[in-house]
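One chain, chain A, links the two complexes that follow: it is found with chain B in the first and with chain C in the second.
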Partner chain A sequence: MLPRDGAASTKSRFATGAGLAALGRRYGALAALALLLLYNLLFTRNFLSTQTLYVNLTQVATIVIVAVGMTLVVATGGIDLSVGSLMAIAGALAPLIFLSQAPALSNPAIAIPLAFVLPVLVTAALGLFNGVLVTSYRIQPIIATLVLYIAGRGIAQVMTNGYLQSFKNPAFQSIGLGRPLGIPVQVILMLIVVAVAAWAVRSTVFGRYVLAVGGNEAAARLAGAPVSSVKRSVYVISGALAGIAGLIVIAINSASDANLVGQNMELDAIAAVAVGGTPLTGGRALVIGTLVGALIIQLIRFTLISNGVPYAAAQIINAAIILGAVYIQRP
Partner chain B sequence: MPSSQPLLQMERIVKRFPGVKALAEARLSVGRGEVHALVGENGAGKSTLIKILTGVYQRDSGSITLDGRPVAFLSPQQAQAGGVSTIYQEVNLVPLRSVAENIFLGREPRRYGILLDRRRMQHESAALLAGMGLQIDVTLPLGAYPIAVQQMVAVARAISTRSQLVVMDEPTSSLDEREVARLFEVIRRLKADGVSVIFVSHRFDELYTICDRVTIMRDGHTIDERPMAQLSRLELVSKMLGRELGALQRAHTTGFAAAERDAAELLVEGRSLRRGRALRDVSLSVRAGEIVGLGGLLGSGRTETARVLFGADKPEGGELLLDGKPARLRNPRAAVRVGIGFCSEDRKAEGIIPQLSVRENLTLAALPGLARLGVVSRERQQALVDRFIKRLGIRTTGPEQQIRELSGGNQQKVLLARWLCLNPRLLILDEPTRGIDVGARAEIQRLIDELAAAGLGVLMISSELEELTEGCDRVVVLRDGRSVAELPRAQLNEAALVAAIANAGRPPEEDANATP
Partner chain C sequence: MLTQPSTMPSPWRASAQWLGRNGALVVLVALVIFGAGRYDGFLGVYNITELLRYNAMFGLLALGMTFVIMTGGIDLSVGAVAVLASVVAAQLSYLGAFPALLGAVLAGAAVGLLNGAVIAWLGIPPFITTLAALLGARGLALILANNAAVSVDTGAGFASIGLDGLLGAPYPVLILFGAYLAGWVLQEHTPFGRHVLAVGGNEDATRLMGLPVRRIKLGVYGLSGGLAGLAGVLLAALTFTGLPTEGVGWELQAIAAVVVGGTLLTGGMGSVSSTLVGTLLLGLIFNLLNFENGRGSISLTAYWQSVIRGGFLLLVVLLQSRAARRAP
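Moving on to the complex of A and B:
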C-alpha cells in the first residue's frame, strides 16, 4: 500500500519500524515468485513467450478468482471448503440452461445471459446458506462449509443425472476462450476481481469491517459493526466468485463433468491465501498477496511438469515449497 | 487460630509476573473441616494464590505446608494426587464423555490390568452421586446435564480422589438459587467428613451462609484473617477496598474538578432491569451533562447493567427508556445509532482490534459517517484522526502505528476517541482508568469532566472510590444485582459509599440474622 499523497508519506516514515516486519513477510512471497521466474527463464525452453504466459495465466485465473473470495472469508477468521463443489454446481447448471429445449430458452439472447447470471446467483445463494450456518446457527466455518463441500457435488450430479454434458456454444464459451485485444477473458476477469477486492479491503466500510471482525469480533460488535451481515457477505462473495470460476472451467473444457469441475479447488485456494501471507487466524486480508501466492503455486506446477517431473512427484515438491513459503512468512 | 495444626498453611508467598508483583506477602491458613472464604477485589491476588496452591503457577518464594508436610505441586495433576482438588466456575471436565468416565478420568478401574471395568465405574459413580443427593444416569455424557449438575460431578470427582482440600473458585456464578442451596448441602457434607473447602465468591450472602473463616486480600497482600461471624459486612468491604472505618476523607487525588454541573434532560432510564442472576433489579437514570457513577463490588452487576443499556445483552425484564420513551435496543449498533457509546473494562478482549492501526481503531464506529456509498473518504478520516490525536494528547508515532504497540492509557484514549468522534449523547465507561498509569489517568478523568460540562451524559463504572466520590454528580450503588442506594452529590463521601456498597438497602429479614 503506497502512500498516495504528501501528508501520508511523511507519516509513513514513522511507520517504517512497524511496517518493516509486514513488508518482509510480503517480500517473502514476492522473492519466491522472482526465484521461480528466474529459474524458468534460465532452464525452461520457450518460457519467455506469449504462449507460455497465457497458458499459465489462464490456468491460474480460476484459482485466483476463487482464492480472492477465500481471502475475504479467511480475513473474518473463517474458511470456505465448499468452493470446489459450488463450481461444480455452477458448471452443471449453465449447460442445462443453454442446451435446454424449453421454448422460453430457445432464444440465445435470453438463454446465454441467463446461463451466465443464474448459476452465479445460485452459488451466491448457497454462499448465503454457508453464512447463515456460521452466523445464525454458530456452526464453526470449517464444518458449516463442509456441508456443501459434501452435498454440493452430489447436487451437481443429481442435476445432470451424472452424465457428462459436452457442448459447443461460442457465445457462452467466450468466458473461457474469448481474447479481446489478445488477452484471455478470464485473465481480465481475474485482474478485475483482484483490483476490486484489493480496493474494497482498503477503502470501503465493508472492507474495514471485514478486518475488524476478524481482528476482534467482540470489539467490532461493541463498536457497532454489523458483525453477522459482514460474515454472511464474505461467504456470499466467495460463493459468487466460485460460480464464476465454475463457468470459466466448463467453457474452457467445452464440457461439464460434475465429478471433476473444481475438484480440490478449495485446497488450491487456501494454499494461495496462506502462501500470500494472509494469516488463517483472521484480521488481515492481503489480496495482492493471494494473487502472488496463486502465481507461485501455478509456476511451481508448470516448472516441474515442463521439466519432466511426473505429476505425483510434482505434488510432493509443490507441498514442500508451500510449506517453505508459509514458514518464511510466519508471524 | 484453631488449636490443632491447620490442614493448609501458606506463608509469605511471593509471585512476580513480568512488570507486576502479583503476590507480595500472601498467607492463607485453612483448618481441618473448615469452609474458608477467600475474598478480594480484582487484582487482589486471590486467583494467583489459588493457582500457586494447585500447581498451575510456581511461587517465587514462601512456604506451603499441607497436612504437616511441605509441598510444592508442579501441576494440577500432582496437586490432585496430593489431596487438593479444584472446581472452577466453568467446569473443566470432558463434556462428551459420560458422567462416570469423568469421575474416574485418569484413574479408571481396570480388569486384568487392561480392560476398563465399566460396570464398577458406573456403580461407584452412581453411589457417590447418590450420597450427594443426586440421582442421575451416569452413562449419559456430562454435557447433557446443566452446569449445576456438572459442578456436582466435579465435586464427586474431588471426593472420590480422597481430597483433603477442595478449592471452589466462584462455583455459584452460573447457578440459580436452588442449585446453590444444593451445592451448600454438599459442602456441609464435605465438612462433616472432615474435608476442608476454600470458597471464592463475591456474593456476601453466600459467604456468611456457608463459611467459617475468611481471608481478605488486597494488592497481593493478605490483609486480615478472621472468623466470618466476627466481621461485619461493613468491615469486610472496607478491608477489601482498603478504607479503614472512620478514616479521614483523602485529599483530592483525581483529575476531576468536582464542579457543579447543571443536569439537563433525561437521556436514559432503566427501571427494574433484570437479566439472569447477575442483574436482578437495577433502576437508574442519566441526564445530559452529568456523570453518574455506578458503584459496587466485583460481581454486583455493574458491567451487566452497562451491557444492557448498550444493547449488548437483552434485558429479561424491566423497562428501558430513551429520552423518556420506552425503547428496545436490539444490538450495540442500534445503541450507537441513538448516540450511545460504550468503553468496555476489558480493553484487550473487547476494545482494541490489535492488528489495525490507531487510525482504523479510532474511526471504527465512525466509518459509516465517513463514507459515501460505502467508500471511506481517506481525507475526512485522516482529518478526524489528526484532530483527536491532538485533542486527547494521544502519544503515538503516528496514526498508522498498530494500536497494540501503544501504552494502556493511550489505547484507552483511542477507544474514547472512537466514541467522541461520533458526538455521542451518552457515554458508558466501564472502569475507564483501570490499568492506566497515574498521569494518563488524571488526563482521562479531566477529559470526562470537560465532556460532561459540554453536555455529554456519562455513566461511569469504577472500583476506585475517589473516582466515584470526586468525579460523579450521583452514584448508584449495586449489590448482588440490585440497585440498593443512590447517593446525591451532597451525601457523596467515601464512608457513605463504603457503607452503601456493604449493606445498604438489605431487606429487613436479612438484617435480623446478620452480624451487627
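Moving on to the complex of A and C:
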C-alpha cells in the first residue's frame, strides 16, 4: 500500500507542478503586470496621476503599434527586422511633403492628408516587398527583412541627406500631440490597433489563416488556405503599422532624424511579443499579450528609473525579465 | 518515360549550383579586377592594408556567427559583446597589451558561455536569449564605462595592437587571418567541427547518436562571445577608446556577411572560408564607393553605403534562392 501511496502522491505533486506551470504560462504576464502596478501604487510617489499614466502610455504606444504587426508576422512563423528602418523612412518622407515648396503641395488641405497617407502607403509597399521575398523567393524572413533593415535607414538618410528636419506644424503633429477628450491621440490609435488585431485573430477567416499558416504551413496549404497571400498580408500590415509609428515619433519630437527614428524598435517589439507569450515558432498570436508585454517592459523601465536605478542597470534587469518571462511561458 | 526531369544531370544545372555556392567568390574576384582596372592605387599595399584593418573586427564577429549559424542558432549579442569588451580592454589597457586583450576576450567568452548555457539547458530559443544578452551587455558596458567613452592608456603598449604589426602586416590583419585559419582547422579537421554541423543538420539524431549536444552548443556560443571580445579589443585599439555606445546593428551586419558568403541560416552546412569572402565583399563595396567618389564622376554620400549593402544582400539572396530551386 505504501509504495502505491507514494506513487500517487508523487503523481499528484507532479500534477500540481504541471498545473502551476500551466497557470504561469497562461497568466504569468498578467500577474507580473499586476505586481508591477501594485508595487508602483505603494512605493512610487505620484504614480496615480494622469501625468504619470500619460507619460507611460505615450512612451509605450509606438512600441505597441509596431509590436502588434510583429505579433501577426511572428504568428505566421516569420519575423520582421525592418520595422525600425521603415519608421525612419516614413519619418523622413512626411516632412518632405508638408515642408515642400512645390506649388501642388502649398495648400495644407492637400499636403497634410498626403503627409499622413503617403508615408504609410510607402512603408506598406515596402512590407509587401518583404512579403514577396518571403513567399515568392522563399527567402527566410530574418534574411528577407534584414535587406530593408540595412538598406531602409540608408534610404531615409539619402532622402534627407542625413540632415535633421525640424518643423512646427500643429495640423500634422496632432498625431503625436493631439489630445481629444484629454487622451493622447497615439494612445487612442494604439487601443484601436490592438482591438482590431485581437478581433481579427479571434473572429475572422484571415485570423484563422494566420494561425494555420504558422501552425503547420503544409497542412494549411492542403486545407486550401491562401498561404502566400496571408504571409504577404502580415508583412504589409507590419510595414503600415511601422509607418504610422514613425509619423507619431517625429510628431512628438517636432523633428525627424533619419539616423535615430525607430532605432532598436525591432528589438523592443520582438521583446514585447515574446514577453506577451506569443511563441516565436508561430501558430499562436496573443495580441492582448503583446500589449501586456509592452506595458510590462515599459513599467519595469519606469519603476527602476523613478526609483533611482540608472538606465543602464534597468536595461540589464529588463534583459533578465525577458528571459524569465519566456522561460515561464515556454511550451 | 519514367525519367524525372528534376533529377536529370545537366551542365547548366551543375554550373548554376556551383555559382550558387561560390557566387560570392566570383563576385569578389570580379570586383577586385574591376577596381584594379579602374582606380589607381586600388591594389596598392596601403589600400589593401587599410581595408583589411578596418574590416578585421567585422570578420571576427562573422566568424563566430558562422559556427553559431551552422548549429541552426543565431547570436544577436555579438555587437553588444564587442562593445562591452572594448570598454573592458580600455579599462585594463594600463596593464599592457596582453592582459587587456585576455581580459576582454574572457569577458566576451563569459557572455557567450552564459548564452550557450541558457540556450542548451533552459531551452530558451537562441533568438530571445541572445536578444536579452544584447540588452544586458549594452547595459553592462554603460555601467562599467560610467556612460562615457573610456580612453585607452596609450603609454602601456595596448595601443600598439592598432598601430603596429609584424613584417608589414598590421596586428588586426594578422589576428583576422589567424582567427580564420584556426576556425578553418577547427571546422574542417576536428571532431568538434563535424559535431557542429551534425547538431545543425538534425539535433535529435545527433543526440540519439550520443553526441553531447548541449556542450557543443555551449562551445559555439562561447566561441562566438570570445571572438566578439577579440573584435572589441580591435575596436578599442583602433579608436584608442572603449565606446559603450558603438556597435549598433553590428550583429546584423555579421549575419549579412555570413549569408552573403553562402551559408544558409537553416544550419547543418556552411564554411568558414565563405564567411571571410562575404566579409571582404561587403567591405569592398564601401571601398569601391570611396574610390568612385574620389574620381569625382559621382558624388555619393556615406549614406549610400547601407543602401548599396542592402541591395547587394538582396541580389545575393535572390541568386541563392534561384540556384537552390534549380538544384535537385
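Basically, the second predicted complex is superposed on the first by the 307 of 331 C-alpha atoms of A that agree within 3 Å, B and C clash if a C-alpha of one lies under 4 Å from a C-alpha of the other, contacts with A are read in each partner's own complex, and residues count from 1 in each chain.
To be clear about the criterion, contacts are C-beta pairs under 8 Å (C-beta built on N, C-alpha and C of every residue); 3 or more make two chains touch, one makes a residue touch a chain.
This structure is a prediction, so every number in the text was calculated from the model and none was measured.
Look at A:Leu211: by the touch rule set out above, it reaches chain B but stays clear of chain C. Of the two partner chains placed by superposition, A:Ala125 touches none, neither chain B nor chain C. With both structures placed on the common chain, the touch criterion links A:Ile305 to neither chain B nor chain C. After overlaying the two complexes on the shared chain, residue contacts for A:Leu41 are found with neither chain B nor chain C.
Contact comparison for chain A: of chain B and chain C, C touches the greater number of residues.
Look at A:Ala223: by the touch rule set out above, it reaches chain B but stays clear of chain C.
By the touch criterion defined above, A:Ile150 lies against chain C but remains apart from chain B after alignment on the C-alpha atoms of chain A.
By the document's definition of touching, of the two partners only chain C reaches A:Ala313; chain B does not. Here chain A touches chain C in the complex through residues 79, 81, 133, 137-140, 142-144, 146-155, 157-158, 161-162, 263-264, 267, 270-271, 274, 280-281, 310-316, 318-320, 322-323, 326-327, 330, going by the rule given at the top.
Of all the residues in chain B, the ones that touch chain A in their complex are 310, 312, 331-333, 335-337, 342, 344, 349-356, 360, 364-365, 367-368, 371, 374-376, 378, 382, 397-402, 405, 418. Within the complex formed with chain B, the chain A residues making contact are 4, 7-8, 11-12, 14-15, 17-19, 203-206, 208-209, 211-212, 215-216, 218-226, 283-284.
Of all the residues in chain C, the ones that touch chain A in their complex are 74, 118, 122-125, 127-129, 131-136, 138-143, 147, 248-249, 252-253, 255-256, 259, 265-266, 301, 303-311, 313-314, 317-318, 321, 324-325.
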